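Here the structure is laid out as structure tokens; the discussion comes afterwards.
Chains here go by letter, A, B, C, D and E, matching the order in which they are written, and residues are numbered from 1 within each.
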Amino acid sequence: MSLAYYPGCSLHGTAREFDESMRAVADALGIEMTEIDDWSCCGASSAHSSNHLLGVALAARNLALAEAEGRDAVVAPCAACFSRLAMARQEVAEDEELAASLPGILERPFDNTVDVLNVVQLLLPYAESIRELVADGPGFSAVGQMKVASYYGCLLVRPVGVAGADDTEVPTTMEQVASACGAQPVAWNMAVECCGGSLSMSRTSSVVRLGRAIIDDARRAGADAIVVACPMCHANLDFRQVARAEDGGTVPVIYLTQLVGLALGIDAEKLGLNRHFVDTSPLLVELADRATSAEADAAAKAAAKATRAGAVV
Amino acid sequence: MARIGVFVCHCGENISRTVDCSGVAKALADHPGVAVSMDYKYMCSDPGQNLVKQAIEEHALTGVVVAACSPHMHEKTFRRAASQAGLNPFVVEMANVREQCSWVHEAGPATDAKAIDIVRTIVEKVKNNAPLETVRIPLTKRALVIGGGIAGIQAALDIADGGAEVVLVEKEPSIGGHMSQLSETFPTLDCSQCILTPRMVEVYQHPRITLYTHSEIEAVDGYIGNFHVTVRKKARSVDERLCTGCGDCQAACPNRKIPSEFDAELGTRPAIYVPFPQAVPNIPVLDRENCTLFKGRAKGREKDLCGKCKEACLRSAIDYEQQDELIDEKVGAIVIATGFKLYTIGREQPEGLSGYPEYNYGEIPDVISGLQFERLASASGPTGGRIVRPSDGTVPKRVVFLQCIGSRDPEKGISYCSKICCMYAAKHTMLYRHKVHDGQATVFYMDIRTAGKGYEEFVRRAIEEDGADYIRGRVSRMYRDGDTVKVVGYDTLAGEPAILDADMVVLCTAIRPHKGNKNLGRKLSVTYDQYGFISSAHPKLRPVETTTAGVFVAGACMSPSDIPDSIASASAAASKVLGMFSGDELEREPTVAIVNERTCIGCFNCEKVCPYGAIEHIDVCNRDNEICGHVARVLPGVCQGCGTCVATCPSKSVELQGFTDEQIFAEINALLTW
Amino acid sequence: MESSTLHSNEDDIASAVVRHQEAHGAPHVPASSVRMSLIDEVYARSGVNVRTCYQCGKCSAGCPMMGEMAVRPHVVMHLVQRNQRAEALSCDGIWLCLSCETCSARCPKSADPARVIDTLREMATETNPGLAPRAIGAFNKTFLDQIRSKGRMSEVGLAMQFNLRSGRLLQDATSMPALVSRGKLKINPPSMRDIDDVRRIFANVEAATRDARSKGGYR
Amino acid sequence: MTELQDLARKLLEDGTVAVVIGWEEGRRGPRPVSITEPDDTERLVFNARCVHNLATYLDPRRSQVRKLGKPAIVVKGCDTKAVAGLLREAQFKREDVVLIGMHCGGVVTDPAEQTEVTAETVAPRCAGCDVREPHRTDYVLGEARVEPPQNTSIDERVAALDAMTADERFEYWATQMEKCVRCYACRQACPLCVCDVCVADKTVPQWIERAPHARGNMSWHLVRAMHLAGRCVGCGECERACPMDIPLTLLNRKMQQVVAESFEYHVSDDPEVVSPIGAFRDDDHEDFIL
Amino acid sequence: MSEMTEPTTEFEPRITAFVCNWCTYTGADMAGTSRMQMASNVRIIRLPCTGRIDALFIIKAFERGADGVIVSGCHPADCHYTAGNYHARRRFIVFRELLSFMGISNERVIFSWVSAGEGAKWREVVNETVERVRALGPFTAYHELASRQMVGGAYETEVELPDVREAPAEAGGAS
């Protein structure tokens, strides 16, 4: 399958670590993807909430480009971009009139043949190979100690039928990838609640309130980190929560690709873990310690067992 | 030579206002074959009918055409009149000049011409009408009732008390159905067991009722008055003649941790068990799925691993080798009363339905179904009537009831209202408050539907006297929050969020038909709706009849219904059956197909199209009495007279009495004359 | 509402709407769209039949912004059902909606409130851009200008212009250095080559939309 | 050839069958023959001129054939479809007849005039034949044969008619119907016309006017086409038998097309395949119904 | 009854309707009880079910000079006999194709589902059919085929064939 890569605006800006970790992980897993040449913004919520057609058209342009490059599918790590592209693909598929009008508007052929994948959909099929790679990889023990709250937000589970998660309210796909990395997913309640992304700039207060609720629940559930796959969510949870650190404790917020990267033993810098507002280094240290002590315990147990065995002989 | 009488009715002015009735009568007078033609103000009145009778006698009429209203209106009237005058009723036809002429056209030549056409057409038809005899079908005065719930019990008792034999078949080990699981019943709060168990015993002891429990319908053939039914009596592993119901076997069974169906999985039972103390019959059944001995045998063990029940039984009634038994019964009528089952919100759903992920698919332990609450509240229940949480056995202080779970929720696949939930939710709040005085009962509802005697008062009582809180709105999400359940709802009347912490949540889940209905429907060629509820022959006029003659329906297998409804429909069905049984044979209109066996080529295309399976194969023999082929024959009892076979027959060897090719041919020619 | 009290630096949407109406009177609705009742127009634009909504309130119950809205999703649906055009197009609910789609995901009647709200926003912007509360209107406007001019969105530019437009100069300014130090804000991110291509799309869409309006059809 | 003759002889000698129905050479090309004597089996031939559909002799009402006893009949792949049709309608039991299948390379249109199968001479029905090798016969003789040159003239003619206006079509058929003399050769030759008393012969009521004028004729051929819709195997015997050269196969072909488009039904040589007659689907198209 | 039928210039189609007893016939009755005025050109022949309708009926109607034919019964799934209308539908899918292939315009054969409650729909079907057929003009071609026979055949039929349009009052619609 020939795969196109659509980074989207955020991954060239505030979310560059998502881009970096994405590429790093893709290399490590041998996933070949080519960035769409001269891609443009997907239009985000602003476009379609002010003019529906514009929203579809801006997204469709990139699909048309990928199509022209002869791709079967395009992966859009940014959940927002993914959602726009996927929505566009579906609407065009369902609305013949729209489909007919688009080539004219885009001024290029468009047959809507390219599939749209989000990062979870991309990584899920590799869960097994990840598990094998990490089984004896250096990252294993560290990540193996990590309790993660998988946060889907809206765009990975909604709208139903577009987002491609396995379940709207109690999805498990992210957990599947996380546990393939050796991490331990926690049971929590806010996995599919909205963080307020689309009002991030225009109405900070709401965003903070919503973000808070998510973070608190993650802490209640005892998560070491919140795993996300959406720059908006990340910005809100990571950046906004320090903005209001006084409201309560903080939890590191990392991208799914970063988690996988760590598990695969890719260097934290290379994954851009240093770019977060909530400092991730203490966590990494903490995890390392846990890992060593865990190994120590294991060793001790083994030794004890051995001696007992010896005693029997 | 035909001698037809034509009688044109003015219907007061209804016809004569726009149609020149006497003109029509005159026109027909000259028509070949018409012996007498007259018009009168009210043909259907006694003097009118007498005109017809006199004419029949005076003119020795061979056929009668009444030009008046629709045959659906007065055909029977005039056919009766004719037969009183000694004329075969089936040579009498109506010419519909009211509904389909005078009422829909202005007065004028065109309308008169049409009226004449209509009458002449029918005259030509009647010339070809054959005097017919009503079809008589032998009748077995014995009824089969399928399902031993309250509806089945009521139907069986009514029919048996009416003097006819009844075969009652129940697939569970005991009769009683869902009603036996209820604690109290609305709107009177009388104990369900107390009013039900006497009826159950009555059934058991009734001299004219044969009861087969733990049994199912294997096959049905035949037709109204003459059904042949095969009942599969599933192996009980207990000899019913020997068993005294002492219960020693149950006590002896080592395998006691099996979730009890009767207690809606809240309690447990042994592998050999009587579902509940008042079960009828009070004879245990061995659940081979969960029996150590049979599990061992299934694994191919040489030696049996257990046998404790057999050892314990002093009457040695336990029979591990018992096989399913097939029993043939001949009955004249069938009552379907298979009842209902409940929707569950879980991930696993039958085709067409989906569960409630927003309520975590019911994976929160203290979210239970209404039926489970009934068992908790029931004195005979697993907790002896103490209302406690399944998770930790503590008494819940805040109980939230959610109505319309599944019901009225097209997204989950069910659009209809389950009808009983509003009432039993109110009942639950009362039962709860009566037992937990400091407890808080809250109900989320969309609408309260209390159409029934004393129902509205009942719900008001729950609110006004027992202090149940009613919040109008659907709940959006339920979380597990520590050991409580967070219920995220909205009060649409207050316009405020309603986010509650509950110790227990009770879901008023929708009523669904048994999936078996479709299968049964096919066996009986009875139609069912898109959900699988049995459809009645007419929603208003024939509520307890089905599309198959001789098959009736009662209770919740038709549509969600409460106990009073079920009993009403059961008694209605019973009275229909008794009515059927009142004569010694069945009579039906002779509008049935008959095969000309001389020209039939036995291609059996008629059989392929017959909706009722009314076609049978019969052998034809040559001179030396060797079978030299097969031809079709119509079972007059089964045929409903649609005539699809007639139009399908290539050699025109089937005729539909009352609508023969000759009659229709004559009509077409009469319509389009030159 | 908590929002108005807690965060003085914000353009409180409800009051913005009120201010606007005081200033301009009830929202002006162009002749082209009065032909149809609101419910039919929403149907024509979105294919959602709001008549199916039976007001169970499940949408509002699950709405993360419910606490901050004066007019909540099921009320928005109700306004459409009652053909209250002015109220529907000017209520705060449609502007506070996060498009998180929770309502639509859980709606028992698949009446798709999210899509309806989306449509109402679109209609509001057409009938009278002034309707959009300053902050949100500003954001969308800024965003689209960005795309039109650069083909891609540069967060720095976006943030700065947005703050100018919405008159909240210091919003997030504190965090700028932090962003830069983390290399999260490139002052000039790699922009596209063929920006005209995107501009043509804008032009074509505007043409198409105008055309559709004049025909009375939608989308 | 001898292969066929030997088999026929064997079947007759060991009493498996009492008669073998096949073809023998005649003045105007091969003609059907029924052979009861083993020594007569040399008369049997099979070649590209054996056009007749001998399945028609399985009609139980052909008493003269019937009284000869259990038959074996020689069939081409296409003929077996007619056999299947008769089995579908319970006209006899499969075990009551022995089917000798012949590999077929297509047959000519007019055995009297033509000898070789060419693009010009090939019978219309041979186009796109899917049973060049019979599937459900007791024996299959001869060696596998190649696809004959294609000839789709019949579909072209149907299309041409479809292209006309209704009135033109009506006029076309009216002139054809003028010719019909009601000899009923079409009915006689059709392997699936098996009625004892044909609707055309019924007099009470007399649906079909007896007089051989274009009106009665039109009605007769309408009914005939209707009765064959979903049953006709397209063997073309009716048209070949017609002394007045009325293009009957056009009607049958059209019906085949309709049944194929509307019910995805294609005439099959498998009796188990349910015919569209007497069946229905809830979603049969009804775009034409108000 | 010639006094009843003053000849008018406009062509009045003669339309025969084959309808089922349970849905359409009852629907037509309902149109009556609701006093819905409609064209008077349609003559109804009542049958138990559309399943009873043989192609021969329609052929015969055209032979006898009907200008149009209506076939109407219960909506799918509403059949009083559960499946008669489904079989009818199949039959007519084929038959109307055959008719049009023979050159008889499908405009002259109208099929419809009219339920017992759809009096209004029955009126529409009637009026629309009448208008349609009126626009098409008379359909005498089939009837007149009787006068066509190949040279050498018997000619008697020619004589016994009166003119379609000179019909007496019994011809009803042709007023």
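One rule holds for everything that comes next: a residue touches a chain if its C-beta (ideal position, glycine included) is under 8 Å from a C-beta of that chain, and two chains touch if they have at least 3 such contacts.
None of the values given here were measured: they were computed from a predicted structure.
Visitor: Count how many hops through touching chains it takes, at the least, to reach chain D starting from chain B.
Guide: The distance in steps between these two chains is 1.
Visitor: Would you mind telling me which chain pair, B-C or B-E, is linked by more contacting C-beta pairs?
Guide: Counting C-beta pairs in contact, B-E comes out ahead.
Visitor: Work out per-chain C-alpha centres and flag the one nearest the whole-protein C-alpha centre.
Guide: Of the chains present, the most centrally placed is B.
Visitor: Taking each chain's centre as the mean of its Cα atoms, which chain lies farthest from chain D?
Guide: Taking each chain's C-alpha mean as its centre, the farthest from chain D is C.
Visitor: Averaging only over C-alpha atoms, locate the centres of chain A and chain E and give their separation in whole Å.
Guide: 68
Visitor: For chain B and chain E, let me know how many angstrom lie between their CA-based centres, rounded off.
Guide: 39
Visitor: So, what's the distance in Å between the C-alpha centres of chain C and chain A?
Guide: The answer is 26 Å.
Visitor: From the C-alpha centre of chain C to that of chain D, how far is it in Å?
Guide: Once rounded, the distance between the two centres reads 71 Å.
Visitor: Taking each residue of chain E in turn, which ones touch at least two of the other chains?
Guide: 60, 83, 87
Visitor: Quick check: what residues of chain A touch more than one other chain, meaning two or more?
Guide: 168-169
Visitor: Which residues does chain C have that touch at least 2 chains other than itself?
Guide: 102, in rising order.
Visitor: Let me know each pair of chains that touch one another.
Guide: By the stated definition, chains touch in these pairs: A-B, A-C, B-C, B-D, B-E, D-E.
Visitor: Any idea which chain E residues touch chain D in the complex?
Guide: 55-56, 59-60, 63, 76-77, 83, 86-87, 89-90, 92-106, 110-113, 125, 128, 141-150, 153-154, 156-157
Visitor: Considering only the defined contacts, which chain B positions touch chain A in the complex?
Guide: It is residues 357-358, 360-361, 477, 479-481, 486 of chain B that touch chain A.
Visitor: Residue numbers of chain A touching chain C in their complex, please.
Guide: Checking each residue of chain A against chain C gives 9-10, 12-16, 38-41, 43-54, 57-58, 61, 95, 97-98, 101, 104-107, 154, 157-160, 168-169, 192-194, 196-199, 201-206, 210, 239, 243, 274-277.
Visitor: Using the touch definition from the top, list the residues of chain E that touch chain B in their complex.
Guide: Touching chain B: residues 1, 4-6, 12, 14, 16, 25-26, 28-33, 35-38, 40, 43-49, 51-54, 57, 60-61, 64-66, 80-84, 87-88, 91, 123, 162, 164, 167-173, 175 of chain E.
Visitor: Across the complex, what residues on chain C touch chain A?
Guide: Its residues touching chain A are 3, 6-7, 10-11, 13, 45, 64-65, 68, 96, 98-102, 104-105, 114, 118-119, 121-122, 125, 135-136, 138-140, 143-144, 146-147, 151-156, 158-159, 162, 166, 171-172, 175, 178-179, 182-186, 189-190, 192-194, 197-198, 200-202, 204-205, 208-209, 219.
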